[in-house]
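Next come two complexes built around chain A: one with chain B, the other with chain C.
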Partner chain A sequence: MASLIGYYSLIIGLFCSLLTIFYSIKNFNDNNVIKKEVLFFTFLQFFFVIISFLGLIVSFIISDFSNETVFNHSHTTKPLFYKISGTWGNHEGSLLLWLLVLTLFIFLFLLKSNNQPKKYRILTLAFQQIIITGFFIFLIKTSSPFNYIFPIPSEGLGLNPILQDPALAIHPPILYLGYVGSSIIFSSALAATASGYISKDWAKHIKGWVLISWFFLTLGILLGSIWAYYELGWGGFWFWDPVENVSLMPWLALTTLLHCILALEKRSILTSWVIILSIATFTLSMCGTFLVRSGILNSVHTFANDPDRGLFILIFLFSLIFLSLFIFFYFHKNENKNFKFFLLSKETSILVNNWFMMYFLSVILVGTIYPIFLEVISSEKISVGPPFYTKLIVPFLIPFLFAMAIGPKLKWIKSEVQNKINLIIFLVISFLISFLILKNLNDNFLLNSILLTSAFYLFFITTKDFMIKKIQNFSQNLAHFGFSLLILSILLNNIFSTEVITNLKIGETFKSKNLSINFQSIDQKDEQNFKSLIGKFEINSSKDESIILKPELRIYNQPNIITSEADIKISLLKDRFITMNSVQNQNYFNIRYQVKPLMIWIWISVLLISFAGISSFIRKIYEN
Partner chain B sequence: MYGRKVKLRFFFILSAFLILVLSIALILKSLEENVVYFQSPSEIKEFLEVKKKKIRVGGMVKNDSISIKSEELEFIITDFKSEINVVYSGAIPNLFEEGKGVVAEGFLKDKNFFIATKILAKHDENYMPPEVKEALKEK
Partner chain C sequence: MKTKILPFIFISFFSFVFLIFYKGLKNPNIYTPNLNVEKNIPIFKAQIFQKEKLISSEKIFKQDKFYLFNIWASWCIPCREEHIFLTQLSKQEKINIVGLNYKDKDENAKKFLSELGNPYDIILSDKNGTLAIEWGAYGVPESFLVYDNKIVKKIIGPINEKSFLEFINLLK
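What follows is the complex of A and B.
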């Protein structure tokens, strides 16, 4: 029943889309207000997508296995929380969520843009409706979440256990708010180009949307990263896996856009660049969806391996790119105003930021796309690993960090660096500290110490600005401070992480010079939908007090999968992290013990960065 | 002859172009150095020489081939045509089992002996790495 309601709501939603487009075209040249019909149908569409989404949630909650999606991804013994989060833990449901956010955002956009020109609003709505229609057709035609199966199975297949996790339950909705938020920026940039409204006013108005999408995208990536850290059991936070890269690429484009919008808002320069970045951000988000959903990239995100779906997204993607390029070249007149700008100015520093960001973006793009490309043309299978990215990105962080420290101090048009002595003193202090920290390090001393110096430099300068500056640049300052903290934590984490991997039987002890791991016992416990084996390990190290860690092995009933749950002792200075794993038919357990310095600061700094986005957004609302 | 502005613009475009070319060259060069090729045991048997480059080997874990000691793990990867012995010390993923697909990354000692530095994790019991599927199909 709920599935049926859900399905018909989707069809009605699609019709609303067509009606909205129809009325927008009719309304385009009328008078100066948007017709009631347009608003009404946009709302109606949003309403029906909510109904449809609720229908799917209800089907999951009551375990209605006549619904194919529920049958494939749920099970009666699954806890209620994961039944609900299972709604978007699969291909069909997650697309419905995309659609929900798409319709929500355009509805909000119409409500919040009353003071903008009518033509621009109508055009934005029309472009957004084109995207929405595309997704409706995609959903109904190739991946309907409401397919019926008969005879009705008595039990479902269950959700992949590693997805049964609180961080991952909210990761997709948050990430989608960011991805889909970029669709508004895309539609709005096209509409503004077509109606000749690219201006300071437009920049001011769209900045809020950029900030809010950026906030959610940052938070979404953070959640995914935290999950990978404790659930996949590898103890890292970023693996340069293609599915991670496809979320980082829109983030880089969006971050660049965030900086360029400033230049447009204050100086009306970089107009073409802003349009291109708006288009690129959404295109990269779509590309990400395509790569992840089409089954080209293998990962936990690949829910289905259906070539039709991939083909549809690919065609849709190319038509959107074609449409946007056409609009850009046909409508956009680059008014070559006689603007002045000097080498030492905020404009230059924003340009420098742009160049670096685009370089990082292209490195990641090449590393992600090239293996796919090569396989298609030569059927040679390759993979590009972390060394590629580290080698190409890390050295360039040095000038990037220095530019980040100095750039915000410069003024528009022409500027001079003030307090030169101060800046140099900070540089010397940063270098001394880095030298002291790293003096016992043998390999790569030079690169690491310069990197650390530049990170400390940014850290000190932003900290100093907090102390003396007025509240004016709070958000920017906080974001840059967070970034310096992030780089510092990542660097020190990378340099000083240690790990021990060994195979132990119950009762055995691993011993090395300053560490001993004693495998004391194993306990068994029955939970709702899994059996759990809990190991007990006593860790003695010469530096710290001894601790007991209890990693877990979970044997899920449906689907029948074993997962290992890490046990982590978190402290401000370091995380101590242990996982255990059974090996088939053997008495030995595979034990991995890691000491990861400053791990918690990586999460905190990203939180600070995303908080900077939201604080700037709140300030913007407050000012209006 | 030309104004300062034209010169400046020319200089700007030239340097932008140079930076672009340089960064593309840099990216392509490191790409060449850092890619890891995927091979099946049969393909390894056909190698003319054993290179010191990192590769990935994929196939099935042969039945009754796993043996474990406190420091290392030994097993055999097969594509039902050729086999290769693997020695590995490191973290073992959850779904590493006899009779299931596996991808190991590491270095060849000779054509029959592979020293793995990493065994790749899988996320799902039905999942077979496409490389492995293909390697098995080719047999």
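What follows is the complex of A and C.
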């Protein structure tokens, strides 16, 4: 029943889309107010998508296995929380969620943009409705969440256990808020270009949307990364997996856009940059959807795939790309050519930032899609791994970090570097600290020490700004401070992580120079939908007091999958991380013990960065 | 003039990307082991495990014998599974097993071997993973059966009972 309501709500939603487009066209030239019908149908569409989404949630809660999506992804023994999160833990449901956020945002946009020109609003609505219609058709035609199965199965297939996790339950909705927020930026940039409204006013107005999508995107990536850290049992937080890359690329584009918007707002420059980046952010999000959902790449996020789906998104994606190319080239007039950039000015430093970001973005883009190109052209299969990204990104990080330390100090138009002596003193201090930290390190000393120097340098400079300026430019300082902390933690974490891998059976002890791991006992526990084996390990090291760690092996009943849950002892200075895995047909367990310095600071710094986004947003509202 | 060329470049570029993606969709995305019949092995120089010395590929594969080029690492769990088959194979006269220790710490690798035994006639060290790329490896473990400097068979993933028996048959 709930599924039926859900399905028909979707169809009505699609009709609302068509009606909204129809009324917008009719309304385009008549007067200066948006017709009531347009608002009404936009709201109605949002309302019906909510109904549809609730319909799916209800089907999941009552375990209605006549619904194919529920049957494939749920099970009666699953805890209620994961029944609900299972709604978006699959291809169909997540697309419905995507649609929900799309309709919510355009509705909010119409409500919040009252003081903007009417033509621009109508056009934004029309572009957004094109995207929404595309998604409606995609959902109904190729991936309906409400397919009916007969005879009704008595039990479902269950949700993949690695997805049964609190961080991952909220990861998709948060990430989608970011992705879909970028769709508003996309439509609005196209509308502003077409109606000749790219201006300071527009920048001021769209900045809020940029900030809010950026905030959610950052947070969404963070959640995914935390999940990968403790759930996948590798002890790493970023694997350069295509799926992670496709979330990082829109983030880089959006971050660059955020800086360009500032330049547009204050000085009416970089208009082409702003338009192209607005288009790129959403196109990259869509491209990510395509890469992940079509099954063209293999990854954790590949849902059961179907070539029709891939083809649909592909055609849709490229229609949007060609549409935006047309609008950009046809309507956009080049900005004032007489504008002079001085070498030392905020404008130049934003440009420098842009080019660095574009470089990082291209590296990741090439690394992600090059294997597809190569395979099609020469039918050779390769996989691009971390060494590629490290080699191409890390060296360029050094000038980038130095530029980031100096850039924000510069003023608009023309400026000079002040307090030169201070800057040099900080540089010397950073170098000395890096040298002291790294002096016992053998390999790659030169690169590491320069890298660490640049990271410390940025860290000190931003810390100083943060302390001195306090309220003035609070968000920017906080974000830059967070970023320097992030880079510093990642670097030190990378350099000083250690790990031990060994096979142990109960009672055995692993010993090395300054570490001993004692496998004391194993416990069994029965939970609602899994059994768990809990190992108890005592770890003694010469530097710290002894700790007990209890990693887990979970044997899920539906579907029958074994997962390994890491146990992590978190402290401010380092995480101690242990996982155990069963070795087939033996009473040995494979133990992986890692010491990861400053892990928690990686999370904290990303939180600081995203918090900076939201604080800037709040301040913007307050100023209005 | 410039404004006319730019859109044209963009449109052709994106059309090209579209075409590639479109074709890519039709390719199966599951990696299947393909038989690289008669493909020559790469010519390389590599560091011998736990030694400073470099050895060239001609020297390693010079005998009139089968060689099993096996990529392994102590951190790789499936490598432990296949180890028993490697140990069995190492008892065969007609085959030499060449190990490539992939992105590993010497200490851990040594422990791995002392724990499970060393089936290798020679072990090469591939600290940064470049040699594995030259061989066109997809991951760890992976094994190449080499005869007369040519790759006769390639096994992606651990050696199992089936591939083991196949080897034994070949060696007869």
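Throughout what follows, the second predicted complex is superposed on the first by the 621 of 624 C-alpha atoms of A that agree within 3 Å, B and C clash if a C-alpha of one lies under 4 Å from a C-alpha of the other, contacts with A are read in each partner's own complex, and residues count from 1 in each chain.
The working rule: a contact is a pair of C-beta atoms (placed from the backbone, for glycine too) under 8 Å apart; a residue touches a chain by one contact, two chains touch by 3 or more.
Since this is a predicted model, take the numbers as computed values, not measurements.
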(message) Do chain B and chain C fit side by side on chain A in the superposed arrangement, or is it a clash?
(response) clash
(request) Report the partner of chain A that touches more of its residues: chain B or chain C. (result) B
(message) Contacts for A:I62 in the overlay, against chain B (first) and chain C (second): which applies, first, second, both or neither?
(response) neither
(message) With both complexes overlaid on chain A, does A:F318 touch chain B (first), chain C (second), both or neither?
(response) second
(request) In the overlay, answer first, second, both or neither for which of chain B and chain C A:G310 touches. (result) second
(request) Tell me which partner A:I84 touches in the superposition: chain B (first), chain C (second), both or neither. (result) neither
(message) Taking the superposition on A as described, I'd like to know which of chain B and chain C A:N503 touches: first, second, both or neither.
(response) both
(request) Tell me which partner A:Y370 touches in the superposition: chain B (first), chain C (second), both or neither. (result) first
(message) Between chain B and chain C, whom does A:V352 touch in the aligned arrangement: first, second, both, or neither?
(response) neither
(message) With both complexes overlaid on chain A, does A:L392 touch chain B (first), chain C (second), both or neither?
(response) first
(request) Check whether A:K381 is in contact with chain B, with chain C, with both or with neither, and answer first, second, both or neither. (result) both
(request) Would you tell me the residues on chain A in contact with chain B in one complex that are also in contact with chain C in the other? (result) 298, 381-383, 385, 387, 501-503, 581, 583-584, 590, 592
(message) Quick check: in the complex, which residue numbers of chain A touch chain B?
(response) 160, 162, 232-234, 298-300, 355, 359, 362-363, 366-367, 370-371, 380-385, 387-388, 391-392, 501-504, 508, 510, 559-564, 579, 581, 583-586, 588, 590, 592
(message) Under the stated contact criterion, what part of chain C meets chain A in this complex?
(response) 3, 6-7, 10-11, 14, 18, 20-27, 29-31, 74-75, 77, 80-81, 108, 111, 115, 128-129, 136, 138-139
(message) So in the complex, the part of chain B that touches chain A is made up of which residues?
(response) 19, 23, 26-28, 30-31, 34-38, 56, 66, 68-73, 89-98, 121, 123-125, 127, 129-131, 134
(request) Using the touch definition up top, name the residues of chain A that touch chain C in the complex. (result) 290, 294-298, 302, 305, 307, 310-311, 314, 318, 321-322, 325, 329, 372-373, 375-377, 381-383, 385, 387, 500-503, 581, 583-584, 590, 592
